[in-house]
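One chain, subunit A, links the two complexes that follow: it is found with subunit B in the first and with subunit C in the second.
Here is the complex of A and B:
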């Protein structure tokens, strides 16, 4: 497209879909782009034809279509700049090259990724993220009859358990590091503030009856010859072994804030800081969903609607949704408290356990370092293609380091793209 | 009747469900995606385009993120 979008939305998860539909229905010309082959984000991931998309996903898609939102899938936002006339753009990269999408208002709905904590054996084939394993199962990996252990922390574990159980996997154990007492108190608080979520949790629980749940436990080691065969599960004082074909393990979520940081948006406690209207510290740039606080699908959608209305100048409409959004925000804090990580997890990595999987840097080489900067200089930790997206949050938990603001491009770009940016004299803040 | 897509995986013709990602095809057929710099066989990890563990050569293009690529009939996938 050669023109300028009134509003460009990055990320087509529940938040981005709601934002794009709302802004377009309010009369804006809207572009919506995502790096996956299809819209839906993490929860509404569209896989092979056998997997149906949930009801509200279909509703948003219908509204997206009738409001004539320009949808671009399979394009990843890697950089930002301004053209010769001073109009800002986001550079997106796909298989065929790159495109610059110009905009007047920008809504960032980049979601979250899983937190991975290193433990002995965690790089063995057969070990995936918990959400990662679900994503593979949704996109064509047949898990029928496989012995699966799900471990880590967070509400995602139960959702994934239910899904894999339905897909025919044999769930050997679900291992949640949070103690049951903390989850019970979360459950009690949920009743008045988020009944939908409580019901969801119960439903998952019921559908997976017969599954062994271990609360206050974690996986301390994985072994196998070339692939996962056996896991050690512990509560710190007692340990036992289980045999498994697959392990899905994730320690809840960390926000994808790199693009927002590149644009100069301020953060607060690691999340993108927003006003009531979802506007960031940068004028005309909004942020919604997991990137502003981990709260799930309902929070993402209500924030998306608020941002869509705000971007279109319908402030009264946006305001009418503040109360619903604030209810979701209370849930964000409760979630974080209930699934806070226990100290013992810091002790899992041994001398030779890899922390950085791109550059194969072990814990033994990192614990001598005092900062992320020093580690990068001495060990190449975080200098591989993931640009520290996996090891950065792990080192923050293990050693208390803070990764500096990302530098462009926020994803490794092809040589051609980098050259074009330089030629155009694009300035980065 | 189950619809499928046939791709070439390390020289072998394999059938995957229609719409499957290349990463899912690797897992289904027990293939690793890459070999790490210290020589470990790796498989996809995150399933969402973040970790870069799933990269493999697709139709002659090296280092493609297979978790975000859908299998097309006749696609040629080569892993390390």
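Here is the complex of A and C:
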């Protein structure tokens, strides 16, 4: 590939699809790249035939096709560079080796990942991230008849609960750490015409499918002989045990900002800082969706459209969407407030509870450290293949540490890929 | 612990060299302060490979590395497991017959000085390291060389000093170092009869005139592939590239970690003062590694980083009193051998300060050899 995309979009979730379609319809030659085998992102992940794909995703895919967006799925962005002629590129790696995707404008739609907080027993087989369990089920893992507990916090729990119920799982309990009062207040904002109806309706629905919903509760311990058997659920004053085969647990989302950081984009409160046009602190690099603030699929799509128009120079078109976007941004703050993590979650890990799973570093070893850097150098925390992607956000919550800027590669890449000079074959001296 | 108004010795720099000095001095009963701006063992100590290696570039370099290697072997049984000391040996790989002749010569040279080595034929080499490409001529095996995890060693040495009464000042940046005083960034002052600059590549920033330049290096670490290589592997041509005092150079240098991970190096650059990863240098470095171990191209790399060696004009460290200031001593300029020679540096410093006879002659490392700053500048020019 010796060409240069007018606009390259990294991440083919709802935001990335909207950005790519918008930019291409505005006349740009667009590349859309994602590490998953198919477009749709985490939320529109296609599963087996039994699971229908959202209508909205289909619409975007149709527009992507008609606007002739070059879709590259199954390639993971590992590094960024500049070729001998000064054109920037994103190096992506896939089964077929690597490619350097050159671009004039770049839109980052890298999404978010789940936050995992350590508690005794959390590394037992049978325990997954909530989103991870859903993805697993979508990829063919048979959950029929299995006793499942969903725990943690955030809107994702409801979506996963509904999905697993439909797939035949027996939902034993849904354990949401946020108190009901906070969620009711969020519900009122979501459905101003019918306050509280949303949550009421949801609880009714869950009751009818035999699910117990516990607000202001969390899982404090998992036990089992070689695999998950029993969970302790608590609200801080009272605890009880439930038997389960599977636990999906996630404490809402943390943004994927590594590639943006590698490119030099500035952050604010852990999210990529953007202008009204979605442009980052780096000229010609835009960022949208969860990486700029956790707000869900509607925020991602409107930001994607704004970035697509901005990249194409259609500023007026972009401007016409600012109001719709700003409405979504207010929702971001309400979501963060409603699902704010409670203090008690900091106290779950015991001395021997692993915090860094790559390098087997327990809470007891980390408690004595004063910084991420000290922990890394003296205990190897965060030195494994995930490079702190999992344990970094957990240590930020548990100990208040801040991880330093990521170093290349942003995802593990083969030595051969890193050794290669740019794809045009220009050798550097 | 009550701290003295004036320490016997205060050390600026909590890398492995500063920590080794603190330990050696504390063992001799001196009151010691050790000051580190970041985390113990976080500078070049954390950026390097952690290869304890005996070297033959000069008699002085040999004497220091051999003495230190023996100190490592004595210390090893007392090191906790997380120091990851492993006597895996070094294989100096000869690519052709010319380099093989050098292997024979080194074998005799080391033998004359009591260091056990053995020569490996091409087939012995490929049996010892099956992932090396075919067609190599052979290798020199130095079995007593080892690898360690330096940041935890630095921590261990400093903690041992602390148990013997040393005071550790962590997270404190030294602003001024002179006249028996360490003035910290926050304005507080640590007084000592002897103050030691052990600031590595930062030495000259705090003590202008110290003939130390930054020499940047890159390293890459892979995911876990236990048994992929078994010895520290270094190309014999390494010496050519490592001892050039100009230009950028790379060499094949691969190390097995006890975790099963591989460290892949190495690169050397003068004049590169910022820490970002330089892709052309990384490419050249990795292509060199792939030349020797083709299958390394398929391994997953998880991280690349850079660090700065403290290079002197004559490739030997600066250990001893610094002429301009009666109280000021240096323990710096170890370039790529700081891990290896840290323990020997600590012993030399402690013996010199307490007026004892040093185990090896100290003259080649005394800063006085650069007494004339102009001479030092002259020497450091290419």
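Methods note: the second predicted complex is superposed on the first by the 402 of 429 C-alpha atoms of A that agree within 3 Å, B and C clash if a C-alpha of one lies under 4 Å from a C-alpha of the other, contacts with A are read in each partner's own complex, and residues count from 1 in each chain.
In this section, a contact is a pair of C-beta atoms (placed from the backbone, for glycine too) under 8 Å apart; a residue touches a chain by one contact, two chains touch by 3 or more.
If you're wondering where the values come from, they're calculated on a predicted model, not measured in any experiment.
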Chain touching more of subunit A, residue-wise (subunit B, subunit C): B
First (subunit B), second (subunit C), both or neither touched by A:114: first
Touched partner set for A:141, first subunit B, second subunit C, both or neither: first
First (subunit B), second (subunit C), both or neither touched by A:384: both
Contacts of A:226 with subunit B and subunit C, given as first, second, both or neither: first
Partner chain(s) touched by A:152 [first = subunit B, second = subunit C, both, neither]: neither
Partner chain in contact with A:76 - subunit B first, subunit C second, else both or neither: first
Which superposed partner A:407 touches (first subunit B, second subunit C, both, neither): second
Common interface residues of subunit A - those touching subunit B in one complex and subunit C in the other: 384-385
Residues of subunit A defined as touching subunit C within the complex: 81, 370-371, 373-374, 377-378, 383-385, 387, 407-409, 412-416, 418-421, 428-429
Residues on subunit C engaged by subunit A in the complex (per definition of touch): 38-42, 46, 151-152, 155, 171, 220, 222-223, 264, 277, 279-280, 282-284, 286-287, 289-290, 296-305
Residue numbers on subunit B that touch subunit A, as the complex places them: 3, 16-21, 23-25, 27-28, 32, 36-38, 40-53, 55, 63, 67-71
Residues of subunit A that touch subunit B when the two form their complex: 35-37, 42, 47-50, 74, 76, 113-114, 116, 123, 125-129, 131-136, 139-142, 226, 357-360, 384-386, 389-390
